[in-house]
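Got a structure for you, written out below as structure tokens; questions coming shortly.
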Amino acid sequence: MQLIEKYIEIRKRTEHLCKPLQVEDYIPQPVPFASPPKWHLAHSTWFFEEMILKKNLQSYQEFHADFGFLFNSYYNTIGERTFRADRGNITRPGVSEVYAYRAHVDEKMRELLEQNLSSELRELIELGLNHEQQHQELLMTDLKYMLGHNPIFPVYDSSQNLLADVNLESGWASFDEGVYEVGHDGGAFCFDNELNKHKVYLQNFEISKSLVTNGEYLKFIEAGGYQHFDYWLDEGWSWLNENKIQSPLYWHKINGKWYYFTLSGLKEVDPNAILGHISYYEAQAYATWKGLRLPTEFEWEIASDSFSWGKRWEWTNSAYLPYPGFKTAEGAVGEYNGKFMINQMVLRGASVVTAPNHSRKTYRNFFHPHYQWQYSGIRLAK
Amino acid sequence: MQLIEKYIEIRKRTEHLCKPLQVEDYIPQPVPFASPPKWHLAHSTWFFEEMILKKNLQSYQEFHADFGFLFNSYYNTIGERTFRADRGNITRPGVSEVYAYRAHVDEKMRELLEQNLSSELRELIELGLNHEQQHQELLMTDLKYMLGHNPIFPVYDSSQNLLADVNLESGWASFDEGVYEVGHDGGAFCFDNELNKHKVYLQNFEISKSLVTNGEYLKFIEAGGYQHFDYWLDEGWSWLNENKIQSPLYWHKINGKWYYFTLSGLKEVDPNAILGHISYYEAQAYATWKGLRLPTEFEWEIASDSFSWGKRWEWTNSAYLPYPGFKTAEGAVGEYNGKFMINQMVLRGASVVTAPNHSRKTYRNFFHPHYQWQYSGIRLAK
Amino acid sequence: MQLIEKYIEIRKRTEHLCKPLQVEDYIPQPVPFASPPKWHLAHSTWFFEEMILKKNLQSYQEFHADFGFLFNSYYNTIGERTFRADRGNITRPGVSEVYAYRAHVDEKMRELLEQNLSSELRELIELGLNHEQQHQELLMTDLKYMLGHNPIFPVYDSSQNLLADVNLESGWASFDEGVYEVGHDGGAFCFDNELNKHKVYLQNFEISKSLVTNGEYLKFIEAGGYQHFDYWLDEGWSWLNENKIQSPLYWHKINGKWYYFTLSGLKEVDPNAILGHISYYEAQAYATWKGLRLPTEFEWEIASDSFSWGKRWEWTNSAYLPYPGFKTAEGAVGEYNGKFMINQMVLRGASVVTAPNHSRKTYRNFFHPHYQWQYSGIRLAK
Amino acid sequence: MQLIEKYIEIRKRTEHLCKPLQVEDYIPQPVPFASPPKWHLAHSTWFFEEMILKKNLQSYQEFHADFGFLFNSYYNTIGERTFRADRGNITRPGVSEVYAYRAHVDEKMRELLEQNLSSELRELIELGLNHEQQHQELLMTDLKYMLGHNPIFPVYDSSQNLLADVNLESGWASFDEGVYEVGHDGGAFCFDNELNKHKVYLQNFEISKSLVTNGEYLKFIEAGGYQHFDYWLDEGWSWLNENKIQSPLYWHKINGKWYYFTLSGLKEVDPNAILGHISYYEAQAYATWKGLRLPTEFEWEIASDSFSWGKRWEWTNSAYLPYPGFKTAEGAVGEYNGKFMINQMVLRGASVVTAPNHSRKTYRNFFHPHYQWQYSGIRLAK
């Protein structure tokens, strides 16, 4: 696909995801880590305006003098950033103005994309598109969080099946110890944290071809998993007690039966569906209870051709740290990944809300171990 | 005026206040103490549905099964209440649904009001209307807070003059010591906290006929008022340091000049206008710096005929406590006032955003001493 | 008694109270509001060194250059103060050094007291002695807090009876409405917050001659008093829930029976003894449950000759605010009382740990409404 | 050495470290992560009583019924544990009683050690001794923290040289990429987290033979290292701003000159001495500023024979995670290491306060990245 076609397709998809929304839904930021849809729409656009158009399209006139300030995220390099927890209070510019901002930037981007661009600039646009795809997923994840915390459980879209799939395979895949190659060779687009391809030494391991299901996890709950400290990391046990966690996020026990909130509304928990919305702490505790463990990110990557994946992010037992030879880029783009390499665990795979063509086996997602709001599940290893 | 006409007029005014709003503006709750406009619209309606229609109009069908739960406020008596800090995350029901809710309740209330009602029920409706007027003021106050914390300072309505007025009088009014009568005699509507008329003994006092102006307060700022602990109550000094307070709320020093956010946008501070948006701590510190003091609520009430008031709530040096013989009503209505009688200071007067016909000299407003978000000012006494 | 004799007696008493302590007991500050015994010993001494000796005894050499800094309390006027919550971490100077400090200051104070002193200086010394008596009581109260939070419940001194007394009287005292005089006339020592004698107008009231007993309060507990929001102030209900309060401080239910920690160790709760260690919130809730109320501080003062008091501080329904004409003194002494006049409620009376000759009917004690750590009880009014 | 001799020597050393202390110094817990000396003395003893004597010496009578409860640490398996932050408030049992406890346990341990013990029991005693050595180091680290936060900077012992050493070597050691062996083979004592010896693949790397000195770090400070976000991890930058960090712990700038608190008192910072008391965030920021990086724990281990180490713990760029095949032991001993394997970074080496014979190149120390209170420094790699 041409870059211009790709640009158009990806940008449209973001707006398509917002079709079922009312204006009101674009506004709230229920918790500091979950941004409003309006902000995702604007911030992904800001990337193209700030990083690309302002520097590369001479005729470019910025859409609004305040937007560079309002829709910046964590990029300390570029001006003062708005206080992250305040994103939900900025009602103006309104939703239609943000759509106008998108249209303005899209028009100018198309103008730019019709020119003969340096490969460096094309790569930066590619990065902007991948950034937008990441925000598509965050938009859906954050939206679910907001709707799922409304006591009347609104439906986003009942026609789409956004429940998790069921497992297609079972059994274990085995691997011998030895030297393996992991990481991305840089031949096509990837994020800087996936570079470079390099050798690692793995011990013998086996990895499950299936993900843990709701039914399997229910057995852990029923066996008192949330009441026994010995399955838990010390910080996991504190987290659970301080936050009164008794189940995955979105689960509700009503009259003795388990339900969960989905983007199609409140449903009875399907025991055969793949488990989701658990923290690393829960993943680790479940594995301990089973007498098993989580795979490392390298075991996962090496084994990934032997099972199907892509419906749930999978917690690994690897901390998010730089690969050998990792260098952050200069300037604002350099703030993309490297500065988060502490206190986060790697997730591999992808989820039902990941953008199409945005997953690969070397992809390194990462979150703090206490977050449940992702579509995150468990694959066991031994 | 007939009760039905009064009902219609007051209910309409709430909606009229919202005319300049965009849908987006109805949603956010920027801080737990400042509720979204949508919530004020719905909660004031809920009072009529829950307290009056459900019990007194036999044919009444509730508008929506969830609204009783969603738009309850602090009334512990009636069902579980929603967690107060979450009001800004409830995007559904949407704004138009809330207006439909209002229309539905208004229609049924008109139906009820055409009947022959007991005086007890008429009093409860009267309470509901006063409650709605209080929420009109809160709506404006909270809205100002939200807009005033948007870094682009949106204008609510530039055609209305919602700046504070200037003083019309000057000098001091003097009163001799002796027995005086304060409180409301209950002959017309009043809140339970104003009852009953009773005697108090006052010492000689003098009270200023004017309110402190921005210009006078600027002198306090320039004299280092915010840097000297000795003018401040111990808790005021902590509050100021922890919150880095250096001026009234909404004031911004830009290139050496003071501006303030108003509902008509950002304006240069008018030195002749009446000071507003200060905490009790600031009022007390200013008075101490001047070698004067704040009046008590009884001094204010006795003196109130000798000066003009109604453009700014005025902090008094009285704690919000029950009058002799105060009794809370039975049931939910009893939760209206009495349970807040701790750690709050009384304000007397009214402000530019107080509803018409909603002020009287016995009215007792009350807030915690650290709140700046009210239209609150200073009248000095000695 | 001569001032010098009084000085010696009061200073000795502080040390006598510490007789049962081990060196270890002098050190901890279990919570920011409860200071270590060592700090009370040193800070009360610091008052004499800093406020009196340095300014009035020409030959005076300060004991240690750091003590002025270490043992200052809230006196912002004099140098930088140590961070209040750190008092328990300052192990050096050690306990014996603090006793040497006391001896040094006492010797010099005796030298000074043998001179012909101005009445102003004598009044300041009188203030220092009253200050020391206040710290005697705080020392005992804080010590009880520390020992009472040790899971092995150490005994301070089993030979002393530091349990509350039982009521000696019963019934109600009645008073007619009218003008009464309250406050101190300043003829003998009093704190500035008691001045001046002034007139107040009281309504008819009745006040109980007895204090609420443990047995009476147990009925409130057993009637579900801590589970029903409607008896509680809104902030009281939040306080109770956030802190999981289910009983007065120091009470423990063990195998279905109520015990309480006393300075003589853990004892079964005596139903006839006077209730203590409750917050204002609890006092107010109990009164509401009984259909009664707490007296105001003025009702208490006027009625105080008609009942016995002095074994328990009694929460009143009066906020701690300045009397008419109240002026804070210049300088550090001015920080004594006035700056705390916000968000606190007045207690009248005295307790079993109040110093001898340190109580009078005009005395105004004050604490935040959530504090339970005082020897505080309930007298009802109607 | 015989196990009994080793036991006696190590137990004596703990008490020897406390020789310079006054009784007062044994008590405070200045922050939740720094325990009082008394607690270290008692808790290390509790290990022998609870884990060894109670189960293996039939005649054993516990010293005191409450001590098992009071001096337990994080061992959830054994009874309820005391709330960690309260260790400083437990004045009784006093210091001499804790020494009596130690003497009692030592006598019984000697009795046990004269018997013919199973190798399993000997290993558990070995673990208890290593546990005690760890607490020796913590005792010194925590003590420094307490004394270093006393504004008068008391001296622990001026005769001992507890300053950091200077570097003995310089230059870089180089290593070729390939398969290396790391971890402990279990032939002698080690902690479970060091097991087992296993292969890893390392890329080419170079590692500095010297540690960063105070003088080198001062250049980072003077170059504005603490003011530029781009050297810092995102969480490091937040940590620095929230805690107003401007230098390593214990450093004070007085009249333009840098001093640091040492166990011999306040000294001028020695530019040639090895830097200490920095967080991982600072180590990482310094390395980034230099255009270099921290070594991984495996690089460190492989290279450790080529430089001298043991005067400062060295932050590595490895997260504390389980080695392949790691299994936690059953019961309380299993709580030793595994449950902390999240959100912590590995430190290698040892420090001037590490117990003699308690270091080896496979040793894995670990702390949260924000802690500065360890004797922690920086070795660079590239």
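Which chain is which? They are A, B, C and D, in the order written, and residues in each are numbered from 1.
We adopt the following convention: a contact is a pair of C-beta atoms (placed from the backbone, for glycine too) under 8 Å apart; a residue touches a chain by one contact, two chains touch by 3 or more.
Since we're looking at a predicted model, the values are computed, not measured.
Visitor: Any chains in contact with both chain C and chain D?
Guide: Shared contacts of chain C and chain D: no chain.
Visitor: From chain A, which chain is the farthest off, judged by mean CA positions?
Guide: C
Visitor: Return the distance between the CA-based centres of chain B and chain C, expressed in whole Å.
Guide: The answer is 37 Å.
Visitor: Mind checking the centre-to-centre distance between chain A and chain B? Centres are C-alpha means, answer in whole Å.
Guide: 44
Visitor: When the C-alpha atoms of chain B and chain D are each averaged to a single point, how far apart are the two points in Å?
Guide: 57
Visitor: When you check chain B against every other chain, which residues touch at least two of them?
Guide: none
Visitor: Can you name every pair of chains that touch?
Guide: Every pair of chains meeting the touch criterion: A-B, A-D, B-C, C-D.
Visitor: Which chain C residues qualify as touching chain B in the complex?
Guide: 74, 76-77, 177, 179, 198-201, 203, 229-230, 232-237, 280-281, 284, 293, 317-319, 321-322, 324-325, 334-335, 339-343, 345, 369
Visitor: Hey, which residues of chain D end up touching chain C in the complex?
Guide: 22-28, 30, 38, 66, 69-70, 82, 86, 88-95, 146-147, 149-152, 154
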